[in-house]
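Next come two complexes, and both contain chain A; in the first it sits with chain B, in the second with chain C.
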Partner chain A sequence: MKIDLTFIWTAFLQILPAIPTTLVITLVSVLAGFVIGLLAALARIYKVPVLGQAASAYVTFIRGTPMLTHLLLIYFGLPVLLDALSAQFGWGFKSASIPMIGFAFISFSITAGAYMSEVIRSGLLAVDRGQLEAAYSVGMTTPQALRRIIFPQALSVSIPNLSNSVIGMLHGSTLAFTVSVVDINAKAQIVASTNWKFFEAYIAAALIFWGLTLLIERLTAVIEKRMNLYNRGGIV
Partner chain B sequence: MIKLKNIHKSFGRQQVLKGIDLTVQKGEVVVILGPSGSGKTTLLRCVNYLEKPGDGEILIGDYHLNCRHAGKKEIHALRQKSAMVFQQYNLFRHKTAVENVMEGLLVVKKLSKEEAYRRSAELLEKVGLGSRLDAYPSQLSGGQQQRVGIARALALEPEVILFDEPTSALDPELVGEVLEVIRRIAAEGITMIVVTHEIGFARDVANHIVFMDGGVIVEEGSPAEVLSRPKEERTRQFLKRITPEPNYSI
Partner chain C sequence: MGAPFDLSFIFRFFPKLLDTLGLTLLIVAGSLAAGIFAGFLVALPRMYNVPVLKRFSQVYVSFFRGTPILIQLFLFYYGLPEILKLAGIDISKAPVLFFVIITYGLNTGAFLSETIRASVTAVNRGQIEAAYAVGMTGYQAFSRIVWPQALAVAVPVFSNVVLALLKDTSLAFTLGVMELTGKAQTLGALTQHFVEAYISLALIYLVISLVLERLLKLAERRLLRHEQPVSTGGGRFRLWFRLPRARSYRQLIADANAGKGGAEL
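Moving on to the complex of A and B:
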């Protein structure tokens, strides 16, 4: 077997323009997932009636099914639902107008939300109860205590796990090719389809993913160091 | 003035406070003594509403609260009347010493940053930590952390400061510095309720001593009355246990 090293380089250059697509999908799903995850975690921790149970069901269902399945369910289910609603209420909206990448955004946000809810929940539970009591004793309300005392500490213990979620979503975003979104992986396939040098093209794609992952890890280390300043010299 | 009337508290089926009545005059230092499990911590936590009493009334300054009809607003208002110094310090771990003291001034009292900083630095100076303003709790000794905790409570200028065994988590050699600070602020006329096992401190600083056992107040009175001439057998037993007679001779 012969490897065409120059074609790896050529493919590398041709795949580069697809990086923003991958990054946008990752960023949108992680940010939306963080908000969904935070709400789900709070609903469960505070045992909010109905919402708490709904959040638990959501988390177990999503974590118990593959990410690709979520994408397919959204891709095939959402248009049917939206068109039915649109017809019912006369919105004049056609599901065909939803861009392909929209399905990836929605479905991956739902996936990320479930995983991040677990990360955020364990981060919140890791904060000593005495911190909340101290906040109450100086006269703070619950929202003030959460915002100023609990969230910052929960966030700083959750950084490594959140970083893993981001990396998971980066790699998972390759599934977007099943709904015809041209991300890094899909681009590699397209690049190779003219000369059948798939192996070289995928090596180029792998190198790019690896580089992005290392970048996220470095960024995490920097953030962790800054956020954990207060722990230096401490026991934890 | 602080008045507690008929405070009851149960955890599940276990009755921990069985109708506590207590009055603390302005500027008074009340020390609560009692064996472990007698409900001292629970009583302080009820005053600060970290535990919800099952029944009773709490009056602090001009604020009166009936525990049966306490909503979020009432609880929030009551909490601002008192401040707590915790056995485990409970300093905000992600904030420096001065930020710990500033926090309540900024968020609750809505002072400007400059004003909050000035007052916090002053208070830390007062508890002997003027040179450690920017240290995080993890960089401070237990005694230093507890002194920050005291400054944090003082900053709020509450009607009463509640101390829950403020020195019992400390290494013996650090107990003195914390008691000294408490003694000093007591001399300034700050009203406080102190749970402690330090009998010497109680004798010197308290105006009034309360002995609790089994969720009730067994006996109360001046330090001389309760410590030197206890009326109740349970008080005598307890005092004997925590101040053992030297039973050896040289």
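Moving on to the complex of A and C:
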């Protein structure tokens, strides 16, 4: 069998419509993961009695196990749990009504949350303590100081790591095929299964992912430049 | 979906899953060996600024960091035999494990080459100059002065790469390799106790990750014996909260680039 160059192009065109699915999964998991991560990071930094330890356990567990196991656990475990609860309390809710992509959203958000929490925590820790003290000394409350002084600086420090997390989730979204969501990877499989030209189809899929990744990197560079405007000059 | 939840199955699955632990660790070890080799080969042209090869290694690193490992697995599984066939080599009968280790090895190599480059760059230029000043040759300066220091800087990032690799091996089941994840799926399908199978799978991965992390931490401490703890006071890197152990500025720099993902072309 020869490598069929024209089929790479055909496959490329057929895979293109699956890009939005991949991007939606990535976007949802990154945004939800950011919120989860922020809460977990704050709980750990402020050593909130029970929540702090729970957040630590959550981060350790998620970071110590593959993303695939999270997806499988949610996919098989959540319906059992929900149906049991629903039967107990008579909610009249059936787990079968959850769309397949919903499992991907939930599980990837949980995964992203743990990784994001580490990124956010290191970002917050990188801000000089003097900044917080200065904010207090001009009479800001803690939420004000966090929102106006700490978060913006922490965000600009974490941009490179956040971009790595986004790229990680983009690449991780390929796992969605295990719960029958048709993303770029699944589409490549479907396209190839008609004529068994798997190699060509996966070259097309790889090129698309490569392009998306480079795009994210470029965007990050622009955002980083903009975010660090306040920080130019001086000794750094 | 499946049989009702039964806690005892989690424990019953443990020994069955542990049977396949060796295969998972074999994939990790094999890919790591291949990855270290590939990483060095790829890092050298960029460190020594070799004109054309430098561009090649940039593209290599960018590709492997810019595409999902799952896509790479399929790409190599289906593509490698066809490409090698053009060169007259027939490997279509090679075991799947071979393709898995090659793919993970090349993937790890891309990440490791960046690590190697970053940690060699992290060693102070004055160290090499001092080595030359006392009359060492280029090779001696590298193997006696730069290498031991770079190794210590690289360990934290290396440990991240190893843990990521361990977790990535869970994808090998897509090619039909019976490692931990594949076995858990089979057990789940046989007994219809999917949730229990995946819980014990997750616990096994968790324990291996924690053990590996602890071991690499020990290695790091051993390699850093030469270095006095440096206080990280001053500048933007001062931390508000006490870290478990004072770390040098160099390590913070190496750590900052620890994430997986990113193409950087």
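Note that the second predicted complex is superposed on the first by the 234 of 236 C-alpha atoms of A that agree within 3 Å, B and C clash if a C-alpha of one lies under 4 Å from a C-alpha of the other, contacts with A are read in each partner's own complex, and residues count from 1 in each chain.
Everything that follows uses one rule, which is that a contact is a pair of C-beta atoms (placed from the backbone, for glycine too) under 8 Å apart; a residue touches a chain by one contact, two chains touch by 3 or more.
The model shown is predicted, which means the values in this text are computed figures rather than measured ones.
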Report task. Could you tell me if A:3 is touching chain B, chain C, both of them or neither one (first, second, both, neither)? Result -> second
Report task. Could you tell me if A:90 is touching chain B, chain C, both of them or neither one (first, second, both, neither)? Result -> neither
Query raised in the report: Counting only touches as set out at the top, which of chain B and chain C does A:80 meet: first, second, both, neither?
Result: second
Query raised in the report: Of the partners chain B and chain C, which touch A:49 in the superposed model: first, second, both, neither?
Result: neither
Query raised in the report: Between chain B (first) and chain C (second), which does A:137 come into contact with in this model arrangement: first, second, both, or neither?
Result: first
Requested in this report: State whether A:61 touches chain B only (first), chain C only (second), both chains, or neither.
Outcome: second
Query raised in the report: Per the overlay, which chain contacts more chain A residues, chain B or chain C?
Result: C
Query raised in the report: For chain A, which residues lie in the overlap of the chain B contacts and the chain C contacts?
Result: 128, 236
Query raised in the report: In the complex of these two chains, what residues of chain A are touching chain B?
Result: 128, 130-131, 133-141, 144, 148-149, 152-153, 156, 229-236
Query raised in the report: Quick one: in the complex, what on chain A touches chain C?
Result: 1, 3, 45, 60-61, 63-70, 72-73, 76-77, 79-80, 119, 125-129, 132, 157, 160-161, 163-168, 170-172, 174-175, 185, 188-189, 198-199, 202-203, 205-206, 209-210, 213-214, 217, 236
Query raised in the report: Which residues of chain C touch chain A in the complex?
Result: 1-2, 5, 62-63, 65-72, 74-75, 78-79, 82-83, 163, 167-171, 181, 185, 188, 194-195, 198-199, 201-202, 205-206, 209-210, 235-241, 256-257, 259-265
Query - List of chain B residues in touch with chain A within their complex - result: 48-50, 76, 79-80, 82-84, 86, 88, 90-96, 103-104, 107-108, 136-139, 152-153, 156
